[in-house]
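We call the chains A, B, C and D, going by the order they appear; numbering starts again at 1 in every chain.
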Amino acid sequence: MLEVSKDLEKLPLEGIRVADFTAVWAGSHITQWLGVMGAEVIKIESNLRPDLTRMVFRGMSADCPMSAVFAVLNYGKKGCTLNMTLPKARELAKEIIEVSDVVTENFGGPVMDRWGLGYSDLKKIKPDIIMYAGSGFGRTGPYKELPAFAGIVEAFSGLCSLNAHPDGEPLPMATRGYSDLAAAQHGVFAILAALYHRSKTGRGQYIDLSMTEVMAAFLPEPIIHYTMNGTVQAPQGNRDSTMAPHGCYRCQGDDEWVAIAVSNDDEWRAFCDAIGNPEWIEDERFHDGLNRLKNQEQLDSLIQEWTKNHDHYEVMEILQKAGVMAGPSFKVEEVAQDSHLGQRGFFVDIDHPGIGAVRLAGLPWKLSDVPLGNYQHAPLLGEHNDYVFKELLKMPEEEIARLQEEQVIY
Amino acid sequence: MQQLPLEGIRIVDFTAVWAGPHVTQWMAVMGAEVIKIESNLRPDMTRSFFSNVNTNLTMSAEYSGLNCGKKACTLNMTLPKARELVKELIKVSDIVTENFGGSVMDRWELGYSDLKKIKPDIIMYSGSGFGRTGPYKEFPAYAGIVEAFGGLCSLNGYPGGEPLPMATFGYADITSAEHGAFAILAALHHRSKTGEGQYVDLSMTEVVSCLLYEQIMDYTMNDRVQGLQGNWNSTMAPHSCYRCQGDDEWVAIAVSNDEEWKAFCYTIGNPEWTMDERFRDGLNRLKNQEELDRLIEEWTKNHTHYEVMEVLQKAGVMAGPTLKVAEVVQDRHLGERGFFIDVGHPDVGTVRFPRLPWRLSEGPQGNYEQPPRLGEHNDYVFAELLHLSKEEMARLQEEQVIF
Amino acid sequence: MSTQALSGLKVVEWSEFVSGPYCGKLLADLGAEVIKVEKPGSGDKSRSYGPFPQKIPHPEKSGLFLYLNTNKLGVTLNVKSTTGAEIFKGLIKQADILIENKPPREVEELGFDYQSLKNLNPGLVMTSITPFGQAGPYRDYKSCDLISFHMSGMAFINPSDGVDDIENKAPLRGATLQADLVAGLNGAIATMSAIFARQITGLGQQVDLSEQEALASFMRRELGVVTVEGIGWTRLKGTQPGMASDIYQCSDGRIYLICFHDRTWEPWIEFMGNPDWATSELFADMASRRENWDAAKAMIEEWTKEHSVDEIVRTAEAMRIPCKPVNTAKEIVESELLEARDYFANVDHKQAGKVKFPGAPYKLSETPWRVEHPAPLLGEHNEKVYCDRLGYTKQDLVRMRAGEVI
Amino acid sequence: MTMQALSGLKVVEWCEFISGPYCGKLLADLGAEVIKIERPGLGDKARSHGPFPQDIPHPEKSGTFLYLNTNKLGVTLNVRSTTGAEIFKQLVKQADILVENNPPREVEELGFNYESLKKLNPRLVMTSITPFGQTGPYRDYKSCDLISFHVSGMAYINPSCGVDDIEQKPPLRGSENQSGLVAGLSGAIATMSAIFASHATGLGQHVDISEQEALANVMRITLGTYALEDVAWTRYRPVPLSEIYHCNDGLVYMVLDQDKTWLSWVEAMGNPEWAMSELFQDQVSRRENRDAGKMLIEEWTKEHTVDEVVRAAEARRIPCKAVNTVKESFSSELLADRGYFVEVDHTAAGKFQYPGAPCKLSLTPWRVERPAPLLGQHNEDVFCGRLGYTRQDLVTMRAQGAI
């Protein structure tokens, strides 16, 4: 278990401040990356409009200060509350932006423009500002006003049509928010590129990210199949057009599964020997890749005859030792407990007010010479109002109190 | 399968010296009946070439090496009657071969157009130094001439040195002869399918150009004329010939990549060379190959050339002794493969000649009958083939037609 | 040519197939100079991997390769040969970033591990993208898209809904190549963060990225719920917390519709003409709707089956109810949206001809994404890089080719 | 397209670099259908071997490959993969001839030795061209042009003359690539002979060609001399006055080995006294006093231009030509007049002049039907068109590295 580093001194984005208007998944995940990398992220919410995900949970009583979803998407950030419906609040927001480097938003429409916080407005008050706008269909084009949820984008972009059992019906993707996270990460990369450009030229810019386009970028093969040959790829599920066996097989135990893929004849021979069926090597039906593909139904059922007598970890060990690709289809809790991920320190322990120590997924990479990153617990609503208004905007106590009364800071 | 591939094919063979007889040598060994046309006025000059053995017009080494398995008859082609007889002979033959220094056959009215009339499906082969058409068609040519003219000599020599004549007289002769033999076989194949004969015109100069395709392509592609490489190679080093223990003993060694280089260094007990900046990789070895060659010779000169081959080949490095002529004949590998065959010889009993360079998995390995003496098969040709009576043959001999 | 966001960054990409190359592509498309190192002969594995025009395999016509390698320089190099290793080091000395996705053991055996390379170039950022990362018990295990997807846990909870006899169905790998693409994307982010760290410290470092983790981190919500709330999570119906959203059959296709929340539920049942069932207690509030969502779905689908995708989507969107048709690649390519956004790139390639493929998913106002040049032919830039950059002669090239070094 | 001499012959060429491909080229250029099998990726080693236009290596622009593979169909196939082996066998089943030049042990390990293949196709003629043949102690040794040239014995007697301190110089590998070319040529002839044998028997057989023997065969005269006269040539043997002479603007090669040519040359030089001395009265004495003779002749030639010497000699029908580089021979009026060089237009490499036919067949001319294939250019024609695989199969096989 890795200790969370409180030492931000050498984090890559130290000194970068982000005024964060994003909420829910796609947005929050962006600023989470920036936060973990050392940027100071100021998440702007209000009691009128808290981040939805603060309420999205189940099993935990409504008075719990923190939902798991919010906790895992917002650590490493600071939180303040501004009632943006009020002109004064927007003034303050502008002041925050003036001392910031990046502004992020992912509203369902051109809300920022309505607030007078569009890129053209912000450029006036902070010429080198980098503004990021994430949306389902982009900030231009026919659907710019449409709200979007991950599932919608996944359906529209073609992902669902490929998330299906062979020749089966389109299915919603595993985790609600797959496209949210994919989009978020492309957004992070774009912001880093813009920051790098600014570090050389001093110029800021506007970043318009469309989730739909992110998903299209993630479907190069099917899309080029169509643009090249006009053919629409059928969903393959666990199958592959050039490899067989290539599937997920039931194992010993309750709903336990293992995935196995054989990419060439050498691996096939190793596989047959490893599972004690050397005679399959000579078997006409399976003796080369083409035949294995033709007879994969049969092949899969035969292989399952073997796997179902073994535990899925066992299968991985046996086959990997023989140089054959195999791995368990992990359940979520198995992922949380997997020794490999554990030893690599994929999970971080975060001490959470009101919950105590929770073990959350970190960010999926290790830097050799930099502390793990900023994993401060996700902010409570308005937790850092003092820091923001007193330290950052240098406002006197009285004024802050007044603004709280006026429900500007609210 | 006891039959030889070309059994039943008869060749009337006017060729002499090297380039020609080597063509029909291949055909004869493969089973064709080759009838060599000579005469006491014009014997195949190789019968008397630099021969220490005899000048009695029977057989020299030159001649023996190129005329196994052939038949020989004598006709004085200067006489019209002789040409008549030859035409008769051609009528019952499949192929006519010649390699005169000029258009002799035409003068004898035995050109392709004439022969077609008497034997429509005849296959006629003409071998010459510069081709039977073009400005030099009347020039005599020797291998050396063609090798010089074709550019071969300009590539045979030591780096920085001068063009040199090729090893063995007749390199261009024999490579041309083999191209000719192949062309004749192709023509035969065509005839066997279509019944059509044809004329084959081979130019030794053009054969040499085929053999120099790399330098020619380099010239046509890059306008570059390659210089002398000697034992070196533009992409490999070490790649040369090194002096060995003993008197004038040599071994050739070639290293084509870094793995072989490592194997080489370890095998000869100089592992440190693999670390040596000068030889670390192929490019550096090429840059420093003179020095490299010197160092390698320091090692080779303490070993026999066969030793060096065995040691290096065991390590997967290319190496082979520079065999002397005598060593070639005694080489155990060629011996075990049966490259040599003992041929009967009327003067010297049996002698050891090289076979043609291939083995067929089935059947006899070819016709290696002893080379014929001048006119040895006159009876067979004139009596059996042309059904001349004893009297007539006697008369023709008096008239020196058969002579 | 105006400068781009990442102009000036020198990248060496020693990577095959998808993960590393996608990382390199993200950098190259925004202006970094990426020199792609391919093995002589067959080159990048993706060259042997379709789609191909007319399904005729050709190393220069692989759609996947063409897409993943735009804007890169291509050289061939056998890094296992002594000369090749020399050249590789020469390239590393001049680079800011090395992207590699080779088996860790292989990299160490070649002596190209970070500890060795940083001696050559202390400023080097070395991004290693492998199935299971540089450490841990699975480090040397083999994997591919299928395995990584399943070992990330994504497959086990896939699909989230929509199959009746799901118990009898195997966990599902989603659309192909997701594991590789996600890994490449995360690699690009991590690489940039290391570049920023270098601006502070002046030193490079190794980025150790695991494909398994990259995908697993997409499940942060599920993982959070499991670790925080201790709730097991499966793909089995009904156990899904959070918002219900589903695919519905229409008269002429399918839609994806979210009408669970009060804000969308009311307008939706109004759109359906306030059928009696919808007004019943069973669906009065979110809590009860969640209890009876199967019933609700069935009823809704009865209605949607009577209507066309078009009319439903148009009206629903007018009511700001999240709803879109379930598209295939064909429809997305043809869609007015991406047309209007000018999203797809049409790239003319010497051998493959005009190919249409996805552009950048983000638009940067100051430094727009663009295709400077199509994917390189195998070894196309050998001369440019080896002669102009490293000072070898053409004759050296000929020799190195003969030695199958390049 | 008119019929060619070898039209209808189906050949599978599983070869790399020079020896096998030249054999295949000889067959293809005369109309045989040659399907060339290359390993996926790098393809034929010759593709990595220059010359390249502007010295920029490119697998489709190697002069060596372009020349050696005209008229062939090209497919890629990894015969080590199960699918690849399957396809290879299907191709062999449909073929008359298989030409291969792979290490014998490898061929056996793959199960593609003749004994196995003949079960698939009893009519198959399998021609194996390897450095040392299919049998004998050196069978598995590695070799290349340099090694083969030296172990054949050719190098030891090369050059035949022209170097003063020859004892100090190593034996000399001649112009490059000769070993492979001569071996390929012998292979083509032997292959055709096996085809004729199969006409009679209906059965194929295994043709075993050894590069070492193919070259040694070129020395058959030398070997004959040794066998018959016990004279073993060396590179510093005395030879008659047939050699290279310096002129004031270049070199000529002149043959003065016979009394006739000698006398007329003496006359050409204006009958100098020295030439009259008994030192040069006959062939034997001229050979003994070669060095003196050469020196004296050169005193004269050095006063004249190459042109003058050649004209003077040829006027007297003395064989004599300038020593050319490929540039001069390429540009010579002779080859132009014979229309020897052919321009070939290749999609990737563009237009270049290639060496043309080694010989002209009047009825079924040699010709370039198509340039050398691009790597895998005919995969679809052959695998789909001929063997009935689908395009999707091609995609799969490519992904699995089988093609």
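FYI, a residue touches a chain if its C-beta (ideal position, glycine included) is under 8 Å from a C-beta of that chain, and two chains touch if they have at least 3 such contacts.
This is a predicted model, so every value here is computed, not measured.
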| item | value |
| --- | --- |
| Contact-richer chain pair [B-C vs A-C] | A-C |
| Computed distance of Cα centres, chain C from chain B, in Å | 65 |
| Geometric centre distance via CA averages, chain D-chain B, whole Å | 12 |
| Computed distance of Cα centres, chain D from chain C, in Å | 53 |
| Touching two or more other chains - residues of chain A | 241-243, 263 |
| In chain C, residues with contacts to at least two other chains | 49-50, 52, 54-55, 398, 400, 402, 404 |
| Where chain B touches two or more other chains at once, by residue number | 234-236, 256 |
| Those chain pairs that satisfy the touch definition | A-C, A-D, B-C, B-D, C-D |
| Chain D partner contacts - residues on chain A that touch it in the complex | 241-243, 263-265, 287-290, 293 |
| Contacting residues of chain D [partner chain C, same complex] | 40-43, 48-50, 52, 54-58, 376, 379-380, 391-392, 394-395, 397-399, 401, 403 |
| Chain C - residues contacting chain D, complex | 40-43, 48-50, 52, 54-58, 379, 382-383, 394-395, 397-398, 400-402, 404, 406 |
| Chain A contact footprint on chain D (complex, rising order) | 81-83, 86, 392-393, 395-397, 399-402 |
| Contact set on chain B toward chain C in their complex | 234-236, 256-258, 280-283, 286 |
